[in-house]
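Two complexes, one shared chain (chain A), two partners (chain B, chain C).
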Partner chain A sequence: MKYLYYPGCSLKCTGRAYEESLLAVFKALKIDYTEIEDWNCCGATAYMAVDEVNAFSIAARNLALAEKQFEKEEEIQVIAPCAACYMVLIKTMKYLNESPALKEKTVHALKEAGLNFTGRVKVRHPLDVLINDIGIEAIAKAKKHPLKGIKVASYYGCQTVRPYSTFDDQRDPQTMDNLVKALGAEPVDWPLKTRCCGGSLTGTVAEVGLPLSYILLKEAARHGADVVVTACPLCQFNLECYQTDINKKFNEDINLPVMYFSQLMGLAMDIPQKELGMQRLFVKPEKVLKTVKGGEPAYV
Partner chain B sequence: MDKTIESKKFAPGSNGGSIRRTIKYENELDKNFAKKIADIAHGEAMYNCIQCGTCSATCPVSHYMDFTPRKIIAMVREGFKDEVLSSSTVWMCASCYSCTVECPKEIKITDVMYALKREAIAGGYYPKHFPTPALATSFFDQVKKNGRSSEGPLLVKVFLKTNPFKMFGNALLGWKLWKTGRMSMKSEKIKDRKGFAKLLNGLDKVKEVAVK
Partner chain C sequence: MSSTNGNGSPRIGFYVCHCGHNIASVVNVEEVQKFVATLPGVIVSRDYKYMCSDPGQELIQNDIKEFKLNRIVVASCSPLLHEHTFRVAAEKGGLNPYYFHMINIRENVSWVNTDKVMATEKAKDLARAGIQRVFFHKPLIKKEVPINPAVMIVGGGIAGIHAALTIANAGKRVYLVEREATIGGHMAMFDKTFPTLDCAACILTPKMSAVKNNPNITLWTYAEVEKVEGFVGSYKATVRHKPRYIKEDLCVGCMDCIDACIYKEAKYPDEFNQGLSMRKPVYIPFPQATPQVVLVDPETCIDFKSRRCKKTCIEACDRDAIDLHQIDTYEEIEVGTIILSTGFKPFDAKRAPQYGYGKHQNVFTALEVERLVNASGPTNGEVLTRDGKKPKSVGIIHCVGSRDAKTNKWCSRVCCMYSLKLAHLIKEHTDAEVYNFYIDMRTPGKGYEEFYDKLLKEGVHFIRGRVAEVTDWALMPEEKDRLTIRVEDTLIGTVRRIPVDMVVLATGLVPRDDAQEIRRMFNISCSNEGFFLERHPKLAPVSTFTDGIFIAGACQGPKDIPDSVAQAGAAAAEALSLICAGKIELEPNTAQIIEKDCSGCKSCIPLCPYSAITFKDDIQKAYINEALCKGCGTCVAACPSGSIIQNLFEDEEIFSEIDGLLKFAGLETGALCSTEMEVQ
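Here is the complex of A and B:
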């Protein structure tokens, strides 16, 4: 199967390591993808706060571009790795299909830009593609360094599973845990896997956002996690990059690596660390790196 | 509308000796407000609210809000427009969708919050120096112009709009991000910006038509 890939803005900037590692894993697993040409921002959470119809229409432009690029396909599979992009694109598909008036307006506006939207797109999360299209057995087979003895807390965050999860449970998701198991590591059973990290509040209103990220880190550590894996660039950013601030504010000494699930996969699959963007992490996952030491030498 | 009735201080002497009414009379409420807010996709479910408070209980930030989500729904339904739109509640909502998933009456509370944010921005109610509305409007302008958002320039703009001194506090983080190749001051742009502008202009033309 051939997929279209929608990176979104974060995966080209603060979340670069997510794109790098995911595409490296795709390549190793022979997943055939093409980036959507000239994609635009999905609108994230902020655009909807200013203008609803505009928000749906700019998101729909990406879906229309996908239809144009794969015009012969009956159903087009679009992979959106960022939690916000994934949710916004699914929400757009859903609302356009449920509200004929909204769809009419959007289609009209897209026509002005020389595009058309018929609704042939299926938005997929990479975890969904990996577990359901590639399969857990194939992933287990692809690993070269089993992550034996590594305890991994899977953190799904909000928008990957809420409110439109199509491939996992909204309250107790399992896909990432199963993936971790397939890599030979031990998934940590912890209660906050879908609790909010603070989203954009952590950077903008620290009084409100920082405690949310702090609770997550503290709870993951309390359950014995050696590393936290995420599937969202904002979750990864909040949990990793604000650890210094969190330690200062709450008088703690947390030093918990937070990486993308695709980075963990790549390490187990013996993909060179540089191709996985490992050099971009602030907190090095020492224990994981020691386990895979048979592979590439550790980065600087 | 008499703004003094919003005051919670009642005791004579605590506010210059004047006695103020602590409730609103029905004719002072905005009867059209609920309809306007419900006029979003599936917003009618708001009328089914049983005030159980599940939304407030599941909300990770309700304890920072001046009115919890449950109260906000009740106030919207009764027409407390000024109080709702000038509240901190809508700007605390991080769009985590917990309330939407847990609501037993299937009210899309996150969508209600979005509708309130839009009304607050359109009506000029939002606090100008509070970062979240500044982030929303700066993000909107940036994407409208370039088709993409660029995290570096966006954050600088939000800090300048709200609290420029905060930027110094974040200098170390900025440097670490830059060093690891995770931050850039370059403005990302799509190629077909003309087509993108046509799309948005095309929307302005048809916007007057009712959404439903």
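Here is the complex of A and C:
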């Protein structure tokens, strides 16, 4: 199957490691993808609050671009790895398909730009593609270094399975846990898998945002996690980069690696660390690296 | 000429009903009356305020005599409501009731239109169609079939028990078939019943033994219906007796075999106690089981695995009642009517993972807690957590698997009340703080609201809000090593965390797993939710679309004990009413094979939803059993050679009706008979 790939802004800047590792894994698993040409920001969650029609139109532009680019394909599958992009694109599909009035306005706006939106795109999350298209067995087979003895806390965040549970349970998601299991690691059963990390509040209203990230890190550590894996650039950023602030504010000594699930996959599949953006991490996942390499971490 | 149809040239009487304002406020009935008077064959045309009233019916009867009418058409409400009324009126006037035809200008016209002119035109079109149709009506004779006075009741919970006793006490034979080893159903598991708090066992077990001892009741437990054939009045059912490995007639329930079992310790989860206690491979479901007969579970009995057990149980039985080589046996019975009272299944709490059932050990289902508070339960009535502690604080979560778009949308009707009951019992047994988390309190029943009021006074806490999650994650020191219920309290408008030692999930009621198979076996319907469908939600609540098959209790939808018993009584009365009549009239709108035209292709046979069509091998033709045919017309439409006709829906009747309907547009369909009508 051929996929279109919608990176979104984060994966090109703060979340570069997500893009690098995900595409490296796709390549290794022979997943055929093409980046959408001339894509734009999805509008994230903020724009919806400002102007709905505009917000839906700019998000729909990406879907219209996909329709144009894959005009001849029977099925148009767009992979959106960022949790916010994924949620916004699915929301756009849903709202436009269910509200003729909104669709009319959006289609009119896109027409001005020479585009058309018919609504035949299917928005997919990479976890969905990996588990349901590629299959857990193929992934288990592709691993070269089983992550034996590594305890992994899968952190889904608020947007991947909510509000639209397209491929996993809204309350007790399992996809990432199953993936972790296929890599030979041990998933940690912890209760805060879908609890909010603070989102943009960590940067804007720190006294609200920081405690939320702190709760997650502390609970993951209490359940014995060696590493937290996530599928959201903002979650990864909040949980990893604010650890110094959190330790200072709450008088703690947390030093917990937080990485993308695709990085963990890449390590197990023996993809060179540089191709996985491992050098971009602030907290080194020493234990994981030791397990896969049997020696020193090899940062570039 | 067919339009004379046995009683001379058509002389039609037409009556249009005002139905108070229901029809007359939208349709100009006088105009309709005047219009119809001009149509061929119409001798009398009248409008009247209430045609269904006695004077209305007398109008028809008098006109039949005075004007020698031989066809009657009434334009009024739905035939579902009053077709029978008018047929009887026509019959009283001396006409065959099938010379009557009814047109619905209420549901089909006045209730769904606002434009008076257009509505009147539509009513006129429908009236003309009916007038043209009735030309071709024929006299039909209703067939009668005798009713076998025996009744089969499937399911021996409180509904089945009550129905069985009611019918048996009327002196009729009852076969009560129960798939479990004992009758009693879910009610036998309960400790007390709301709102009176009388002990469930005290009111149920006397009825259970009455069933066992009633000479008119044949009680078959551990048995299942395998096959049902026939039709109202004469059903034939095949019942499979499952092997209990005990000769039921010899066992007296002394339980010496249980003591003697090679397993000294009971080590298998006890189904009756919801797995909260253990049983041996040879066991009795509960002390008051009816019949008082033990059974052997081949899944756990070691002799069935190795065939090398010392069989100490057999040695211990001095009545030689144990037979480990029993096999399925089958029995055929003939009954006239059947009552299904197969009950419900509690919602599987694991389908709501946010409440942690199966993950956190101190999350219980309501049925488990019923067993805990029961004096003969696994803890002798002590309410204990799974780690053996008396809880200081208990949270009861309502609507688990009910009123939830993700699982089941329906309200299970009993959970609010049983949650109140459990709250009262838990408080009484443990003195714990009890919290009820509810969406709405639904207490509509005699004494129910008063019971809720009593609980409020007892100091039980009520928090309005759907619980978000049950978590073992402690945010505050007082939550450590406990379960925390996170909920939005919608009355004070804030999110609350309430630490408790025990969580009770008020699981809803869902259809049994095999409800669809049972439905097919008995040829009845299910609602969207999967509960058995009644014939009419208000006016035929225990009847089904298959004559002679009735439903009672929670198999029809969630209901409490009083409602189940009421329905069981109603179903018993329906069965008895058929039995007392001794015979039943069948609607004559059935289909028939025209044998000379039937090619024997068998296309119709699999299409019949009522299995009414069989194949006569000797003459290679299809045959329709009139007693089974419901007149749905599927076979008539499907027959490639047009060799099936249906009474009241013959081609000339339908074409003539269509022709009458289309005349408004100046369309002449040229339907076969319109020009040949013989008009006086």
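By our rule, the second predicted complex is superposed on the first by the 295 of 300 C-alpha atoms of A that agree within 3 Å, B and C clash if a C-alpha of one lies under 4 Å from a C-alpha of the other, contacts with A are read in each partner's own complex, and residues count from 1 in each chain.
The rule is short, and it goes like this: contacts are C-beta pairs under 8 Å (C-beta built on N, C-alpha and C of every residue); 3 or more make two chains touch, one makes a residue touch a chain.
Because the structure is predicted, anything quoted here is derived from the model rather than measured.
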{"item": "Touching partner for A:C158 - first (chain B), second (chain C), both, neither", "value": "first"}
{"item": "Contacts of A:E219 with chain B and chain C, given as first, second, both or neither", "value": "second"}
{"item": "First, second, both or neither for A:V208, with chain B first and chain C second", "value": "first"}
{"item": "Touched partner set for A:Y47, first chain B, second chain C, both or neither", "value": "first"}
{"item": "Partner chain(s) touched by A:K248 [first = chain B, second = chain C, both, neither]", "value": "neither"}
{"item": "More chain A residues in contact - chain B or chain C", "value": "B"}
{"item": "Chain B versus chain C as contact partner of A:C13, first or second or both or neither", "value": "first"}
{"item": "First (chain B), second (chain C), both or neither touched by A:K274", "value": "neither"}
{"item": "Intersection of chain A interface sets (partners chain B, chain C)", "value": "170-171"}
{"item": "Residues of chain A that touch chain C when the two form their complex", "value": "169-172, 189-192, 215, 219"}
{"item": "Residues on chain C engaged by chain A in the complex (per definition of touch)", "value": "353-354, 359, 406, 469, 471-473, 475"}
{"item": "Chain B - residues contacting chain A, complex", "value": "40-42, 60-61, 64, 92, 94-98, 100-101, 110, 114-115, 117-118, 121, 130-133, 135-137, 139-140, 143-144, 147-152, 155, 158, 172-173, 176-177, 180-184, 188, 190-192, 195-196, 198-203, 206-207, 209-212"}
{"item": "Touch list for chain A against partner chain B, complex", "value": "9-10, 12-17, 38-41, 43-54, 57-58, 61, 87, 95, 98-99, 101-102, 105-106, 108-115, 158-159, 162-163, 170-171, 195-196, 198-201, 203-205, 207-209, 212, 241-242, 244-245, 279-282"}
